[in-house]
Amino acid sequence: MNLAGLGIPVTVLSGYLGAGKTTLVNHLLRNADGQKLAVLVNEFGALPIDKDLIEAADDEVISIAGGCICCSFGSDLSAALSQLSAMNQPIDHILIEASGVARPEAIMWSVGLVSGVLPDGIVILADAETIQKAARDKYMSDTILAQLQAADLLILNKIDLVTEEEVRVTSSWLALQNENAPIIPITYGKVERDIVLGHCVQRIYAKGAHQDAAGPSTLTLLPKHNIDVLELAQTLAKDYPNIARAKGFATNKSGEKILIQVVGSRYSTSIVSKELPDGIVCLGLGETLRKRHFKRLLHLLKI
Amino acid sequence: MNLAGLGIPVTVLSGYLGAGKTTLVNHLLRNADGQKLAVLVNEFGALPIDKDLIEAADDEVISIAGGCICCSFGSDLSAALSQLSAMNQPIDHILIEASGVARPEAIMWSVGLVSGVLPDGIVILADAETIQKAARDKYMSDTILAQLQAADLLILNKIDLVTEEEVRVTSSWLALQNENAPIIPITYGKVERDIVLGHCVQRIYAKGAHQDAAGPSTLTLLPKHNIDVLELAQTLAKDYPNIARAKGFATNKSGEKILIQVVGSRYSTSIVSKELPDGIVCLGLGETLRKRHFKRLLHLLKI
Amino acid sequence: MGKIRIFSAKKIITMNPNQPETTHVAVREGRILSTGTLEELAIWDDYTLDETFHNKILIPGLVEGHAHVMAGALWRHVYCGYFDRADPDGNMWQGSKTIADVIELLQVAESKLKYPALPLAGWQFDPIYMDNQRVTRSDLDQVSATRPVGVLHASGHILNVNSKALELADLLRPGINHPGIPLDKDGLPTGELYGPDAIGPVSKYVGFDRASMEGDADALRAFGKICVRSGVTTITDLAARITEESVDKMLEVTEHPTFPARIVPLRIFMGASAKDTIDLVLSLKERSTDQLRLGRIKAVADGSIQGFSARMRWPGYFNGAPNGLWYTLPEQLGELYRLALANGVQVHTHTNGDEATEMALDTLAPALNEVPSVDHRFTLQHCQLADAAQFRRMRNMKMCVNLFANHHFYWGDEHYRLTVGPERARRMNACRTALEMGVPMAIHSDAPITPLAPLFTAWCAVNRLTLSGRVQGDGEKISIQDALYAITLGAAYTLHLDGEIGSVEIGKKADFAVLEQDPIDIGGANIKDIEIWGTVQGGRVFQAKKL
Amino acid sequence: MGKIRIFSAKKIITMNPNQPETTHVAVREGRILSTGTLEELAIWDDYTLDETFHNKILIPGLVEGHAHVMAGALWRHVYCGYFDRADPDGNMWQGSKTIADVIELLQVAESKLKYPALPLAGWQFDPIYMDNQRVTRSDLDQVSATRPVGVLHASGHILNVNSKALELADLLRPGINHPGIPLDKDGLPTGELYGPDAIGPVSKYVGFDRASMEGDADALRAFGKICVRSGVTTITDLAARITEESVDKMLEVTEHPTFPARIVPLRIFMGASAKDTIDLVLSLKERSTDQLRLGRIKAVADGSIQGFSARMRWPGYFNGAPNGLWYTLPEQLGELYRLALANGVQVHTHTNGDEATEMALDTLAPALNEVPSVDHRFTLQHCQLADAAQFRRMRNMKMCVNLFANHHFYWGDEHYRLTVGPERARRMNACRTALEMGVPMAIHSDAPITPLAPLFTAWCAVNRLTLSGRVQGDGEKISIQDALYAITLGAAYTLHLDGEIGSVEIGKKADFAVLEQDPIDIGGANIKDIEIWGTVQGGRVFQAKKL
């Protein structure tokens, strides 16, 4: 979603071999719900797209049902991103599936250098059954720990394979490795699309503030005045660990329209030139998000 | 059968790898006929007890249907035997299944040092098809020949796999290796329990002197006077190669009650303190044992 | 059947112990028909006697087991190195000793460019020898404010660019947030780009396009010329991104009657699955010719030591830098090894740090147990920090090693004081240990990382001198004979080519390096100074001066 | 990151050819951070200079590749050996030169025992040096008539007991019929018990219980102390009956901060199937720590030469004794080898006689063909009578050997005149042949069979002197350097540990033997007399005197 001309949001997905990246990517493609996704892979292994999703494939680009595509960036990520942003086909989101040896933050730095795209967040996947053993691996230990530390969101996959107690223990251990990133427990790679890709903001326009029946717990904040946008973004990112994502617009005290993006504990703000209604959609983890949990926030927003 | 308080009889069963020891052990366990057997194994390989026979197993002892048990003696045979003889469970007979590298006579010497048990006989198994080749093996030749030489009874297994002529040739060859031990040809490890374990003596009381319909050819000698028991034992062991076993009681010239045991060419006599009726059961090989074959014996016994 | 041509020489060093030295070699159909005295050779058939080399020394054509076609490609740009160097056409370029020299050199080059939009690039710049002075975009703006200008450092890990280049890459703006792109006080990038991630988006604007970095037809031709000047007749292109299409071009160039080198490109394992890579090289292998030997794979385990991206075992980098980067997952490498062994494809693996070497050994061992191979010659490339225990494992696994002997000279002092410290600096590229442990060994230049010059590489292995003149690792010095072996038969062995090249023997390719001095007589201290007249390759004579 | 401690020494012999000798070694986190001059080491970081060893010689911590924890356990009993020996606590025990000495020694020990039922045991008794005088129960009844008394011979194959011990074992009765239990004129056993079958039923009554024979926590601690006194920092327990449970205890002892040795227990292949044994060691391997290295198996093919239970090829024993005993069937050994190779588990195999060695080779060869393994390092232990042809087979199969060098001294004369005769006695433990045939080699003590003292073992291999002072097998002598290699890197190699220990090199464990004299300077004839100050193990200093 090339929001307000700021560039296509780019999410970096990583995690060690076997964490379930491919399953998760296919889940997102199957549940794109009209969003046009582009998946960029730097693959050493098999193609990470389920065969039944593939509509056509040439050497460079694989077309996927629903207008999504997949291509390999080889060693030149910048070029691949530039090409994507310049494509005729409108693309809502780019997902970079990084290899197991990747330093996701380095990839995100590179994304930051390319015009037409916008760093969104780093999502790291871990297998509930194997992550702690993998993180002790003779060779891959520091690489895996660095990936966990780079995460804005940590997705704990395959929790059905372990006991609840083990999920708790592993989650605590993950929190020790990265105290800022929300931890999202899932099975079979089935994560809410909105949590990974953050396409929640259009709900503001579609339905207004409400709670979806399905999907993650959602809360839409509708500021009624010009506010301190930076403080709002910081507060959402740092003080509300049960908010996985937040995205939307607000008007700052100088009257400028600002895009707020929060992914876990990472936030960014950008001045937007378009005229858009104010409203920030928050996606919660675990318990339902309720306004009473957000007293300080509401005070800030003067709602 | 802890006969007359003399200790549990112990049979050592050996033979090279593949001779059929395991099949024979399982056959004996399946046909224990109320006898409580204990099998001691020093196994390197798989457990030699058929799964359907196993009732329970802990680290030390495997319980087998019919009150039998199996345990491993590791490197301390004396301790294992002492433990068995001191068990609450009454045990009628102990069968030591020795490994293919064992010197069975050395095992029997060790048995002889343990109180509460009584050396019975050494039974060596040979495969009619392979024994002569095995006895030429580069490494195992002398070990196998020594085992054959140590035998009190030689069981020639799997005779169904060779011709009658070959059985004769192999039997002659076996007789050259050990001129004293009776040779018992069988198939599928199906040897008469009485021949291996010698539990024939109770027949004296059960049925008197008679010929069983099934089972090995039997003859019961009923001395009517005090006799030279040692001479009787020697004669049964050395002069009647078609007597595989003999066991029973007689009263010597000094009026002492003596237990006679003959296994092939091995014999032993022990003074017994209990009062028991005289009678010796002989188990024959091949043709039916008939009194007319025993002229010198009958003369000796003054029957 | 072609005619016989007998070359006479002052001395022919054959590397064949049956006849270590001789004076004549007969050549027919590009191959050595026989060696010996003229009398012995004359009895074969009619011949022409060629006395061109009557006062020269012939040795087997040198084999460079680790180089890149990029060594040819870079000469289309301005040479900014510290040392004097001859270009493929034999023009001598004086070394630039100061930043001002470099700027001036670029200004002169700029003045010769025709179109204003053309980029200008320099390479082999090495401010290590200039007190590590920094160069910013304002320095390069002196060369041109209108065309993009970039200067690549000798390490290949730093690129300096001018303002125009940044502007074209849309990086001349505030808000850049990248650790490899330092910002000036004004919030704009300084023009220094550190590391491939930062270099990548800009390099193409200054002229370092794909052809520059990986080679094209012109680059290949230039590469061939460099070979002649360095006595090389067979050379690898060790990390080629070969495709079915690019092979057409390579075949065209290498089959040309004047192309003077046998090229052995190894397809890099990157960006494609193990299976696809194996399938590709198996199909390429079929298209091999005498002059283009396809069908091998190069894998990369880690980065470089001087770039602090090599994977190190305890205690890690001497200066406390964090451990380096894996470039390939052990699982992926293992899959490649198994499939390659099963398909009879050879894999060379780049390992620099000793942890990367350990990982490669730990990965190959089970693959070999699963898919035994009696003569695979899987080779570790660089393998600079291997210790004796690792060489023992290599021997047991029948692996080969190609050590980076030139590193002592160019970075030995840096390794001593910065990257690995004295003890490991002394054991780096442990040629003697490799030989004593029984590991078949070659030595290499990694051209263009260091200049292609096997006799210089031999000198490095024999003397182990650093640039500052210290002997580093006396115990790892090898003899001249061992060094000559390493740059001929040793390197040929790592490519399964020792039956075809590497010695002057009947039936082998007629490949010779033609020298003005005898490498044995001249002594270990002077091997690097031997003048190279040119080569004979496949029986064709190539004089360096006349290229 | 821990602090750096730099040890200075008069000389450090590193076994690293790059830097064979140096004076300083820096240690951090229990590992060698670097070796070299103080100037070179000082640049790493802040450090403490430790000059404890300024006048000592440091060599790599010695590695004993074949010993048993029992060497520690036996010291809880009375030392009755012929030679003076220090116990784990450093008390010197004078050798007993006569039977009377032994009786007196036992009487003194008896007088100190508290409870009348307590048994009394002696060990290392060796009447070979006392004209082979026999000792009967009446002799030992002089020590005590009321408590059981037993004396185990140095060979471990004979036990003398008193009447009380026989009585407790229910053997003081007529009618005993056992070839290992001679009877007196009165028809009762003499108290001499020959061979394990005869010793077995009695040993536990005199105090040689399982803990004595196989080791427990106390034995392990004593074992550690003996290591320090002999310069050993890594040692095997070569036939351990390890279980999941006993490992808990071993971990507790070895993880204690004052425990001074790295223990490598090899689970014996006995009493469990090959599969169960492999499963056990695979599970144990996961529990390995720095100080306790689990996951290896020891198999036993035959008995001992001096016990005439080793399996000999033609012409058999010199004195005509019948051939010895197999302890494991070839089929069972073959199954173990195949499964072990398939699971990456290392197997060491005890072979003494040359027929046992042949059987092990004949068994491993098809297993390796079936389950190839590029670097298995399966090792033959003792392997005392192997000839050159067998060593060639070992080399071809990439096996290692650990030879029993001490045997020359202790039993060499017996072997010469009794067991194998002059020619085979000269080739026993053929160290030189092993090295010349290219078989990686270690040498060992088999402690407690002979005392743990690798420098003595080295002396044996260098000099090949028998107790009577004859050189036996001049052609099998090796150099001091080769002997030092065998007791450091050589032994480490047989355990796949040469990458971690065995030389003083960066990254390896900070394991040193601290010597008062230089083994090179002192000369081959005197290596055994070097005084051992103690060890450094994992960076921790252990002075023998202060244990």
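For reference, chains read A, B, C and D in written order, and residue numbers begin at 1 within each chain.
As a convention for this text, a residue touches a chain if its C-beta (ideal position, glycine included) is under 8 Å from a C-beta of that chain, and two chains touch if they have at least 3 such contacts.
Since the model is a prediction, treat every value here as computed from it, not as a measurement.
Under the contact definition, chain C and chain D share no contacting chain. Seen from the C-alpha centroid of chain A, the farthest chain centroid is that of B. For the pair chain A and chain C, the distance between C-alpha centroids works out to 43 Å. Between the Cα centres of chain A and chain B there is a gap of 79 Å. The touch graph of these protein chains is an open line.
Contact residues of chain C toward chain A in the complex are 169-171, 176-181, 197-198, 200-201, 204, 269-274, 311, 322-323, 325-332, 335, 355, 359, 362. Listed in rising order, the residues of chain B touching chain D in the complex are 17, 42-46, 72, 74-78, 99-101, 103, 106, 109-110, 112-115, 138-140, 142-143.
Across the complex, chain C is touched by residues 16-20, 28-29, 31, 33-36, 40, 43-44, 341, 344, 371-375, 398, 493, 498-499, 503, 505-507 of chain D. Residues 313-315, 318, 354, 358, 365-366, 368-369, 372, 387-390, 392-393, 396-398, 417, 421-424, 426-427, 430, 432-433, 436, 473-476 of chain C are the ones touching chain D in the complex.
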